[in-house]
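Just so it is clear, A, B, C and D label the chains in written order, and each chain counts residues from 1 on its own.
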Amino acid sequence: MEKVRQGDYILLMDEKGRKIIVKVKGEGVFHTHLGTLGLSDLMDKKFGSIVKTNLEKKFYLLKPTLLDFLKKMGRPTQIIYPKDIGYMIVTCGLSSGDKVIECGTGSGALTIFLANVVKPRGKVVTYEKRKEFAETAKVNFERVGLDKYIELRVGDLLEEEVDEGEYDAAFLDVDAPWLLVEKMYTALKPSRYLFSFSPSINQIQKTVLEMKRKGFIDIKTLECFIRHMIIEETRIRPDSRVIGFTGYITHARKIDVR
Amino acid sequence: MEKVRQGDYILLMDEKGRKIIVKVKGEGVFHTHLGTLGLSDLMDKKFGSIVKTNLEKKFYLLKPTLLDFLKKMGRPTQIIYPKDIGYMIVTCGLSSGDKVIECGTGSGALTIFLANVVKPRGKVVTYEKRKEFAETAKVNFERVGLDKYIELRVGDLLEEEVDEGEYDAAFLDVDAPWLLVEKMYTALKPSRYLFSFSPSINQIQKTVLEMKRKGFIDIKTLECFIRHMIIEETRIRPDSRVIGFTGYITHARKIDVR
Amino acid sequence: MEKVRQGDYILLMDEKGRKIIVKVKGEGVFHTHLGTLGLSDLMDKKFGSIVKTNLEKKFYLLKPTLLDFLKKMGRPTQIIYPKDIGYMIVTCGLSSGDKVIECGTGSGALTIFLANVVKPRGKVVTYEKRKEFAETAKVNFERVGLDKYIELRVGDLLEEEVDEGEYDAAFLDVDAPWLLVEKMYTALKPSRYLFSFSPSINQIQKTVLEMKRKGFIDIKTLECFIRHMIIEETRIRPDSRVIGFTGYITHARKIDVR
Amino acid sequence: MEKVRQGDYILLMDEKGRKIIVKVKGEGVFHTHLGTLGLSDLMDKKFGSIVKTNLEKKFYLLKPTLLDFLKKMGRPTQIIYPKDIGYMIVTCGLSSGDKVIECGTGSGALTIFLANVVKPRGKVVTYEKRKEFAETAKVNFERVGLDKYIELRVGDLLEEEVDEGEYDAAFLDVDAPWLLVEKMYTALKPSRYLFSFSPSINQIQKTVLEMKRKGFIDIKTLECFIRHMIIEETRIRPDSRVIGFTGYITHARKIDVR
């Protein structure tokens, strides 16, 4: 039975589904919209149990998942959504031990999910040219405890050398992905997948045409759309609150053209 | 540089995108719709290279991914799609080392992707009550080399004991998921995710109500929809060939109500 | 060339696409977020021309369509959307001269579009049991000048007699449509269409089963979903602002079972 | 009570929903997949009733709607779908008496629905440059009895004069809509709507930019998507058979820029 320990992050969810992530640290008191919780009272509580505030309001005490963290993260950039990350992971069959390269770390959302799958012996090498984004991402990596599987390189990948034929999968989440197609071709093992995530059809067309020129085949572009359902005893209907669009996933496989 | 070895499965893709999976074995000849390939000629070829048939027709020689295998698998049942599998893996933050339980192995598509993530130290325990389905699944597990991370139990989970509080995630893909909600509750560690995949709204409503009664919170039902884009130099448009519906994903978290 | 006359409603649209509907009346001044317009200055201007406020801000002077009115209407109830109205009109081939019955006037959005098609010799008979809704609807009918083609009856259709076999099409937009299926059956000419608009799947199932029992065939339920595209010189992408769900359309044809 | 008369078209629908349109003519016998029906026996039957073949198989005898005709029509071209036609009719508030212009008659599907709304005093002027398409369209117009409201002109609109400022709405369904934007601008009354239906995003971008240059405002591009639901006593789910894409609707309003 897992219990809350000093230093743990915990997820508190109220009965309306609102969620808070807290680090259990010291003897303080934690203030919520439903009253206060003594942090020391949370110690040794079992994950999955119910705690009450000084106002007798109920919170569910949960172990935060990566996704819970992600939703609370510092986000200087638009993030890739779980639906898109999941699709890419399954498409390339990502697995423990794989070595992957990413360009465009952003807030590190995709990086974190990739690291979570390739750990403990795999690795994610990720490039970010904007220093302040890299800082935020670094904090995020540490918070979820995945920093040791991630190699964050601050700089413009366009001007750097990559290890040739070293990576099991490659991911682009940048404004001008077509410029990096060749670099990713070099980095990938033959037969492996390059993914590019872009909202704009103009960018995608340029990227797809560059992929064709540079030795990629089996090029596909697609969109993944999510809609929730309201399922109650007397009411069943789709939820009208929907994110209408996040971006397109383009993927392709490297072929050895030399 | 990875090369084709005796016993390897290879993926051959023609210029129109049609794909074939072959096992390289012995000295035979492989017959395709574009002529023959000597299997021995494929030996020691690099993955990612191009091979030609006796009619000088081109094939791309690729390393098959799990998804490539999945598309060619024996499928006695409707399968869960990559989009749905990916969404679930990301939602629960599945990772190497996790121990998961599944009921309704079917052809083993979901099982395989779960095993691919939790390996090498994790495990998938999967139940299938229809013997002939279990047989097919077993063959599929072996073909993709993941059988050692999968424990396939033939029998009705309803009548079996599960290890209590042992699993990091639980998956239902059965006709009457509501009947197994309690069993899954028992099997899961507190705070962890139960997923149920169902096409029918009636089944889902029963399952959701049972989840509420049995100690699950944060219950959500959603659908994931994929549409491809045609991206060419002079033509950009959504693809009209679409799978209009596969099923709904319902997920919930176990709370300790005792 | 159509010109603005005393008493006309006009649509003013600014350069960002914000729209205002005004009635040109008297000598007053109209205050906008971009300055004032003298109403008398608008007189005799051509529709389609550009007018300027005292602050030299531009407005396009347009003739409001029904849809423009609809968007600015008093709306005590959720409205049926244009996409749904259009689908129904085309499905039954509604035409000038047709006589239709509606139950659940609401704010009168559907009523207005039906009247606009069946006029000048056709008619819409519409029932609304909530007096205050009927009042609002009446005002809306007059504003768009279609009141003479609409017969608004305040009361519960369940307790009223309908003209037998008189109507070319029937429309339900009520909470419990299944209760009115029989009444609508009576009202329709044989072979004609009954439509029901509902957000909730539970309601729809009851209604569909009642339709089957009561002599309707060719029963279909469907949803219509709209997404806008952002089309600019350097940016093309779907719009993420989307109405995720409005309701389902169910339609069926009356067959003579006596 | 409407009865079948010599010369009428009738719709026969079997219990599985398969539909046939027949013209009742003479004394012949009509052969179906479920046996034969004497055409003279159908005479004077009421629409909405049930008829039986010589094999005692049931058919529902219905009055065909425009949509029923449309589905059975000669179709040399891809057609615009009801969802799209309905959206356009509602957006511009099309009404009896309106005068509209269309370029790209194709098989005449859109033309027919437009004529059905603007009749009896309105008119559709439609241009088709491919003679054989015009022939098919003409037959279709006559079959549904709307030919007297349609003026079909065979020729290239690009090289013809249009009546200036005469039309209440304009519709483009051609390969290169941008070339006709100016012509349509001339034809429309100020403040009125131009619609263009196109599957390809490249075409749309060119058309949108040309609209902006030529004096159109309030330019919108959108897609309309339909999915059916399977609603049965014990099974409720979305239908997986879906038309994934038909085309985008672009609409804009003419402003007087001279």
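The criterion applied here is as follows: a residue touches a chain if its C-beta (ideal position, glycine included) is under 8 Å from a C-beta of that chain, and two chains touch if they have at least 3 such contacts.
Note that the structure is a prediction, hence the values are computed from the model and not measured.
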| item | value |
| --- | --- |
| Per Cα centroids, the chain farthest from subunit A | D |
| Counterpart interface for B-D, drawn from A-B, C-D or A-C and sharing over half of its contact pairs | A-C |
| Centroid spacing, where centroids are CA-atom means, of subunit A and subunit B in whole angstrom | 21 |
| Mean-CA-position distance for subunit C and subunit A (Å) | 44 |
| Whole-Å gap between the CA centroids of subunit B and subunit C | 47 |
| Residue numbers of subunit C (touch at least two other chains) | 201, 223, 227, 236 |
| All pairs of touching chains, each written as two labels joined by a dash | A-B, A-C, B-D, C-D |
| Residues of subunit B that touch subunit D when the two form their complex | 199-202, 223, 227, 234-246 |
| Footprint of subunit B on subunit A - complex, ascending | 1-2, 13, 17, 46-50, 60-63, 65-67, 82-83, 85-97, 113, 116-120, 165, 189-193, 201, 204-205, 208-209, 217-229, 231, 233, 236, 248, 250, 253-256 |
